[in-house]
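One chain, chain A, links the two complexes that follow: it is found with chain B in the first and with chain C in the second.
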Partner chain A sequence: MKGNFRQSMKWLHTWVGLVVGWILFFMFLTGTLGYFYQEITRWMEPERPFVEHNISNEKLIDIAQVYLKKNAQGIDEWDIMLPNVRDQNLRVGWRHAPEPGKKRGRYKITVLDIESGSKVESRATGGGRLLYRMHYRLHYLSTDISYWIVGFCSMLMLLAVITGVVIHKKIFTDFFTFRAKKGLLGWLDIHNVLSVIALPFHFMITYSGLLFFLFTYMVLSTNLQVNEDEYNEMRKEIFPRTSQVDSANQPTEMLAISSLYKQVNHQWKTNELSYIEVSAADDINARALFVRHETDITYNPEDQIMINAITGEVISQKTKQYTVTGIIHNGFFSLHEGQFSGPLARWIYFFTGLIGTAMIASGLVLWTTKRKQQQMKKPQGPDFGYRLVEQLNIGTIVGLPIAIAMYFYANRLLPLGMTERADWEANVMFISWALLLIYPAFRPKSKAWLEQLQLAALVFCFMPILNMLTTDKHLGVTIPHGDWNYAGFDLTMLFIGGAFAFSAYKFKQLQGKESKVKRDRKNMTTDNSIMLSKENKRAA
Partner chain B sequence: MFLLISFSFTAMTLFCLAMPKHREQVLARELPLWFVASFRTLAWILLALTFYISVDFYGWSIGPALFFGALSGALLPLILSLTYYPKVVPLLATLLPVLAYFISTTGQVSFL
Partner chain C sequence: MPFFIHKFNFNNTRWHVFSRIIAAVFGGYALATSSSILLAKLLGDVVGHYQAIHIGLMLTFLTYACATMWVFSVVSAKSAWFGLLKLNAIFAVLVLLLMQFTEMSS
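After this line comes the complex of A and B, so read on.
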């Protein structure tokens, strides 16, 4: 650390970014996929039937209520989730009785077949949810350790974002500047552009990410400053209070929930119902809460209507009590998760998430590009550190997307009756990633880049074909049926595969040219083509 | 959302054209000075309008967030086309908002 302020910030930016860059890349990529976790889960459960769009909400609610009555007896709280734009099947959910030794039972969602009114038996899978959980709850590690690692990395990310703004000399004059040049200059431009155009997102996502585990990270400070009661008071202020009713243990028949919905419909005048929460089901205290587009950031009392499920009276009482602190805190959560967004806004979230991912990748590549010439001049070859960074770059920037593809492959190829199938899907993913991380150690680096790019192109392009071979819901069926959520997955895979193929092609082309050019020019050209792999990352 | 992206695209194009080095990149001939001088002001006005539309559509909670999202969403295509196909930028900047306006007024598209 030396020189003036800007130089020391530059030093900080470089090393802070490098140290946690690969974990951040993992967190950003899996987190970005998380914006589509419901859609991914649906693809990973191909046994689910297509959705019939012409069935009324009343009918769907009846089907759900019949099923719940039969299968969720003794459970106080039922959730009925209606088909929506994202996950078009009718689903019901409840929390099972806790296993011995555990505080809370597992919450399970069941997909219902509308025609038969029974449960859809789908394969055991972690689905999109597991993939998305990985980004803050690193798969194999314990919860506490994961949160601390994730928090540490996010904190450094926040530092990198802030120092990045400080060291960017011409943030306004070079706002639009992107020179498709070879070597360092091109990479610097890519990194700058990706950082600047989505700067509000980068800052928001990192900062709000840190807030998620506020009480874990700030435990020392809270312990010192407040006692137990004050602590509980503080938590109450931050997390909104929801009014709950408990079962009175007096079983009674509830009214048909669909008849209650008629009143709701009368009040809302639209069919926007999103889900129903039934509390104290089939008890004298039974209540049904009807909710439409619910998120904390847009909390609006009119979006929820609570009805007494025995008498059918509307209960006019706010179901959630927000304090100002609560609104701010939950507002940040909502911003981070983007649950409020419609399809196009969701794509924007996804897209900016990929910009973030690509920004990290370009920063990592920039580190090696900057040192390449100097390192290549060394008589005994490049240093160990340099080679390690390059290896991790290849294994992560191209390797991780391949590993994620392997997760999807495992979903289709592992035997259906296998024990711990869902666990093995994830194991396959991490084993593939480990192999791809090791592989570049045994190959010349430029060969390793090319081969992994080609592999990526292959596995992604083959995905829709694999889907066709193993399920009855392939593009030939989903597109005519107009099921764009399902078809969208296959099409996106094809697109990513195409992008990887294109970058592999460009990479090879540039390598071919390079062999004709003088030796000292050599190093610079290679890097330029790596940028194309970055483009892919964006698509991944 | 599409409307927001299109308007942001045009606003950012105006900012971009207000800079001499990008003007050379995009336009074949030099524009009258008074015209160029108005770009930056126009861009700010358009950006403010986009912000207003966003808040009007989505409310004070989501509106500003989606405004920044749209801005990022518009910038990457703009910068890439500046580098690879600079000539299409003015065309896109003119057509997109008009198209988006028609789509939003006909009300056919529900995914906004």
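After this line comes the complex of A and C, so read on.
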């Protein structure tokens, strides 16, 4: 299309990246936050108590069972989630009765107070889960439309990654070249470094993201090859799940789940129980599935033990038989979600996700930097397209983080008794984003960058203080208590605020330099002309 | 009026780019679909029915990406369209032949 193959691919890379760059930025940022969604939820429910660490698993299970028996009678499936590194509260969950007009009820998680054994009443919030869900389900739009938009954007992302590799024949030498502070080349190098440094991650996260909706996106091919029964059979082969039992509608008393746990503990010899799934609870068919923390990406069958909750016998499970392609498919899911990772790996995931986000941002900025000189020369000012891109860049790259901060602010500031409070948290986020997208239209662009960077710095740095003013769980309490999930949130916000402050400072410095260079050049030319005219006079 | 003439001028670069985009989006999707079915038919006996379909499906995104890259790399939009149509037709014929063959052998 444009001369040779590489030039065509460069063209494709540029435009594919630009067209959906802002949605991709949104997906990458909210998705990256998803690696800490449990921790974010914990911060957004400050009513939850600090946790005593010396209570045994048996006792916790008893507390949960007593609560479930009282409050979830007639529900077939119970989940008991034990405190772990990521969430230090004891939680139970079940699918609630459907709201009028809906087919399925919503799955809700209840946090239990270990001391009293009763429910912890916390504020209504979408928590980290809602934020993380936005990266594949967006918001406001219907599920189907969202999936297709996300799929389209992901496909273009995959294309951008592949073309990005193709256009760099010197991909490794480029990686070690960094020409800082040289305007265009500086941004190009930043974009290259961010892309290459985590290239396997970028590819993995995009491709696996597409795999999540494989049968939705490739619906034509699927429907041409299998009918509905065959499709269900195929899914079962690809995603073998532990078989659950249905209730026989013959209520009886189950054994204490904690007594079943003793056998599990005997087999595992460790305390790393993660959660328990009870199916056909208090029924003659009752079973309890004990699951420990995932340790690798293949959903290790030894991480699960199923026990008959009436007789207390271990039910020997057929090990899940994965097909080769099933292992690849599920392996990509695991890699995408990172459920197996410990704290360190989780932070690495988080930072790599941020690198991906920054890669998209730097690409978007690069588009304008490349065209800036040419556009500024135009007599009637820069084109509409150029101005639009610049405005969307400012409003998204700096605006979206501020909007997400507003989501957290809304959590602390909206009245507790408000109706549809959780919905309004998200509304506040999107209203703020809209405002920040519009704002740059009314300001000179370099001013808009600086002001939004400063606003971001302010908003994030103030978050721990806001937390201190509105709850009793501020850094002065959480750190001595050793609640690092809670304290970690505040500290991360401070760090992000610092990073924004630093970029604002750097931005101002560079701006100052740039305008100084311009002024010097102007002065020099006027000096020269004066000298020239003097010389001319003398000659005359 | 010049605006409309400009709009319907099929020699316009914008029209060519638009034509390629349509070719990439729909032609590429068709190629991804046909290639996945062909692959499933070829591998069906080797790795099992569902697994073959699964392999074909998992590779569609890469096929799709490559097809798009190809559409934007050839000389003209016309050759992109023809190329995609040709390849799709070949795949479709091969699939039909393979289906006949398996019917005869079974």
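Just so we're on the same page, the second predicted complex is superposed on the first by the 502 of 540 C-alpha atoms of A that agree within 3 Å, B and C clash if a C-alpha of one lies under 4 Å from a C-alpha of the other, contacts with A are read in each partner's own complex, and residues count from 1 in each chain.
Just so we're on the same page, contacts are C-beta pairs under 8 Å (C-beta built on N, C-alpha and C of every residue); 3 or more make two chains touch, one makes a residue touch a chain.
Worth saying up front: this structure is predicted, and the values here are computed from it rather than measured.
Asker: Which partner, once the models are overlaid, touches more of chain A's residues, chain C or chain B?
Answerer: C
Asker: Figure out whether A:Gly331 sits in contact with chain B (first) or chain C (second), or with both, or with neither.
Answerer: first
Asker: Tell me which partner A:Ile348 touches in the superposition: chain B (first), chain C (second), both or neither.
Answerer: first
Asker: Considering only touches as defined above, state whether A:Phe340 meets chain B (first), chain C (second), both or neither.
Answerer: Touch status of A:Phe340: first partner only.
Asker: According to the stated criteria, A:Ile431 is in contact with first (chain B), second (chain C), both, or neither; which is it?
Answerer: neither
Asker: Pick one for A:Ile197: touches chain B only (first), chain C only (second), both, or neither.
Answerer: After superposition on chain A, A:Ile197 lies in contact with chain B alone.
Asker: Where on chain B does chain A make contact in their complex?
Answerer: Touching chain A: residues 1-2, 5, 12, 15-16, 19, 22, 59, 61-62, 65-66, 68-73, 75-76, 78-80, 82-84, 111-112 of chain B.
Asker: Within the complex, which stretch of chain A touches chain B?
Answerer: Touching chain B: residues 173, 175-176, 178-180, 193, 197-198, 200-201, 204, 297-298, 331, 335, 340-345, 348-349, 351-352, 355 of chain A.
Asker: Which of the residues in chain C end up touching chain A in this complex?
Answerer: Of all residues in chain C, those touching chain A are 20, 29, 32-33, 36-37, 40, 47-48, 50-51, 53-58, 60-61, 64-65, 68-69, 72-75.
Asker: Chain C touches which residues of chain A in the complex?
Answerer: Residue list for chain A touching chain C: 1, 5, 8-9, 11-12, 155, 158-159, 162-163, 166, 207, 210-211, 214-215, 218, 220-222, 224-226, 230, 233-234, 237-238, 323-326, 328-329.
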